[in-house]
Amino acid sequence: MGLDRNQIAWRIAQDIADGSYVNLGIGMPELVADFIPEGREIVFHSENGLLGMGPKPPKDQEDPDLMNAGKKPVTLVPGGAYFHHTDSFLMIRGGHLDLCVLGAYQISETGDLANWATNNDKRLPAVGGAMDLAAGTPRVIAMTTHCARDGAPKLLGECTFPLTAAGVVDRVYTDLAVVDVTPDGFVAREIIDGMSLAELQDRTGAPLAAADDLGILKAPALGETAG
Amino acid sequence: MIDKRVTSFEQALAGIEDGSTILASGFGNAGSPIELLEALVDQGARDLTVVSNNAGEGEFGLARLMRAGRVRKIICSYPITSGSVVVDELHAAGKIELEVAPQGTISERMRAAAAGIGGFYTRTSAGTMLGEGKETREFDGRLHVLERPLKGDVALIRAKTGDRWGNLIYNMTARNFGPTMAMAADLTIAQVDETVDAGELDPEAIVTPGIFVDRVLRVPGSR
Amino acid sequence: MIDKRVTSFEQALAGIEDGSTILASGFGNAGSPIELLEALVDQGARDLTVVSNNAGEGEFGLARLMRAGRVRKIICSYPITSGSVVVDELHAAGKIELEVAPQGTISERMRAAAAGIGGFYTRTSAGTMLGEGKETREFDGRLHVLERPLKGDVALIRAKTGDRWGNLIYNMTARNFGPTMAMAADLTIAQVDETVDAGELDPEAIVTPGIFVDRVLRVPGSR
Amino acid sequence: MGLDRNQIAWRIAQDIADGSYVNLGIGMPELVADFIPEGREIVFHSENGLLGMGPKPPKDQEDPDLMNAGKKPVTLVPGGAYFHHTDSFLMIRGGHLDLCVLGAYQISETGDLANWATNNDKRLPAVGGAMDLAAGTPRVIAMTTHCARDGAPKLLGECTFPLTAAGVVDRVYTDLAVVDVTPDGFVAREIIDGMSLAELQDRTGAPLAAADDLGILKAPALGETAG
């Protein structure tokens, strides 16, 4: 009934202004690049030393020295530049990007983000550039399903998982809604067609207000294979 | 579409406000945005704080801006050059405030602003007159002073070539403060010898990525 | 005369001592000095601390050095890659110490070591598990943690071309940690695809000036 | 009776090892570059963003964009590189140079250096890169006349002029002597022919010991126009 991953990515892409400098986190957020509306020039940053990241190359043109943060082959668009890691993280930590889109395990009503560890990880701890992006970027967008697979809400009064950064998330795009994090807590800006605020509240772990201009969250049908 | 190239001094300097902190590149005249600084006189902003390694020379560039009474304060490392007459006169007349700091500290403080560093400890100036009043701390048995970031509202810099995206390359030692200042200001304006389209600069050799640059103005014949 | 080019792994790795801290470049395999890391097994140094963004993959490069039992501790940001089996096994068996830190913090700490910075304040990790135990301080109303420099005894890095003076250029995103690690170690050893004489690299496009590099080894066919 | 400026520069140059990375301060220290012995490759650093500084060019090849720290036209030798100011001072402050040669007003027996201001400057204060070089470089060489024009000694128990950095000077080369700064104070290593330790002590403002292998400071006759 909600949006699929590509549709969430599409919805996020509509809100990225022409000329923005954007970092897309590893995984689901990478899909956003595929849905930037025609005519907008967005400069994608990759933490491993790249501005102007383009789409993945044809198989026979892959180069192991040209990868994205997820270690997948990419391309460089005209106008792109290479730089070293400390300069790349200067861009991130110094607030030079306009926004980043990050996956999330949990988001608190004060904008805390938990997206790098749970309380019962079986794998080794691994933070990568997540804390740098979350703490440094002026506008932090969380992209996630509204609830975990077991139905537990991901938008909470307080995160129970280890934080990535405190008080940084500006907006959350989920399969069910677009929710702003405001000084007064969560405010729904869009909800999918057919779902009431009360129904969304049931799936949300903290009080949820409605924006004055509350709208309907919609996205076109998109092939699951896009991206 | 991104196009950071502008075509007039008016466009280049639009929006610079009274009271701004201006980072001005250059080591002596090499890399100094002389024409932008002179156009700033016409633009009209007043009560400026200027960060620059030197404090102007002759009656041109930064010296002209100072002579026009627009500069309240200069932060620099070395205000004395052959012909630094304007700063001498204004300072003697009590018409300009002068803050002298070590060259590397000024550069590192701007880099800290660019990198989101809240403060850093350096040995430079520890135990000297220029370190007086600064918080100190020992690391590994050596005295350090705490320095805070130095951020610009505006950077005026000089480069060799700029592209549509604002990527810049420089010419020899005229590079000097340009790359750091470009990163350390909210609004970065570069004057260049030539402009090109995106993709014409070697991505391996770009010194200042366009993310740090807001406007690029070609100033013909400025060398 | 300066000639930093060496002709064997023995020469390249001579003098690396037990207990050294090794900075190893690379983001995944891109820019990783795989052959130098493997030759370090033969060189014989033990009880190493390795700083590397990832913690090895498969049974080659860093993973091989770890498998040989030479690595006491890894400082990294992301030990999980497809095929990071060695670190998994060693960690589960309690045979390796793992310190995970934010990627930008590791990079900035190495840069601080390179720049003579005694410590710096960053917002990254403030208020998180990875910031626990660190000294904190508010600047401009935001919580920062104090980070100390991270210096290497040795840096093993990968570049594209090195000249007689040790100047280096890199290839695309294989640049990553190389330039910072080169600056942050007492002894920097670069493996390169090709070596050239001094003056053959464009002085405007040199990424790592030779002052940061001690030895350059051509490793043919390593790409 | 003592060495002239070129001879002091010559003497310093003899002690700079092949392959060294060296910064020469503005003014008298710049002369050192002219006297590097044949066969040694020394890499000169200039604070304004240059490694591999070569001699001044012919008049018709001067370029205002290629200057040294004293704002005089120079050249780049093969192997040289350009970089920005913060990287240049990273080299200085991070201790990457092997040594620097700085002019001096005063040097204390604990290695304090005063070379940027006096107590009655008529000109504006100006520090440039002096504090960075003095605090950051592993080996700091002072180059100066042994006494000021009025005969006042420059090697002192304590500096009376504002310090550039505390406890940093390793060795002083003057027109009369080569003097090490040691944990036990000043130790003369070489004195000009015909001058006794006692006579040098008379011209020195702090106790002066003699090195076990005290030698004679000598330099060839050099045209005053060299450099």
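Labels A, B, C and D are assigned to the chains in the order they are written; within every chain, residues are numbered from 1.
We take it that contacts are C-beta pairs under 8 Å (C-beta built on N, C-alpha and C of every residue); 3 or more make two chains touch, one makes a residue touch a chain.
Everything quoted here is computed from the prediction, not taken from an experiment.
J.: What's the minimum number of touch steps needed to get from subunit A to subunit C?
T.: 1
J.: From the mean C-alpha coordinate of subunit B to that of subunit C, what's the distance rounded to whole Å?
T.: 33
J.: Rounded to a whole Å, what is the gap between the Cα centroids of subunit A and subunit B?
T.: Those two chain centres are 35 Å apart.
J.: Just how far, in Å, is the C-alpha centre of subunit D from the one of subunit A?
T.: Between these chains, centre-to-centre, one finds 56 Å.
J.: If you look at subunit C, which of its residues touch at least two other chains?
T.: Where subunit C meets two or more other chains at a single residue, that happens at 108, 111, 115-117, 122-123, 170, 172, 204, 207.
J.: On subunit A, where are the residues touching two or more other chains?
T.: Counting only residues that touch two or more other chains, subunit A contributes 76, 82-83, 89, 93, 136.
J.: Answer with line, ring, star, complete or other to describe the graph linking chains that touch.
T.: Shape of the chain contacts: other, as it matches none of the listed patterns.
J.: State the interface residues of subunit B toward subunit D in the complex, per the touch definition above.
T.: 27-31, 53, 55, 77-81, 84, 87-88, 91, 98, 100-105, 107-108, 110-111, 122-130, 143, 170-180, 207, 223
J.: Where on subunit C is subunit D touching in the complex?
T.: For subunit C paired with subunit D, touching residues are 1-2, 111, 113-117, 163-165, 167, 183, 197-199, 201, 203-204, 206, 209-212.
J.: So in the complex, which bits of subunit D are touching subunit C?
T.: It is residues 18-19, 21, 39, 41, 43, 45, 51-52, 76-83, 87, 89-91, 93-97, 136 of subunit D that touch subunit C.
J.: For subunit A, which residues are in contact with subunit C within the complex?
T.: 46-50, 63-67, 71, 76, 82-86, 89, 92-93, 117, 123-132, 135-136, 162-166
J.: List the residues on subunit C that touch subunit B in their complex, please.
T.: Residues in contact with subunit B: 108, 112, 115-123, 137, 139-140, 142, 144, 148, 169-170, 172, 202, 204-205, 207.
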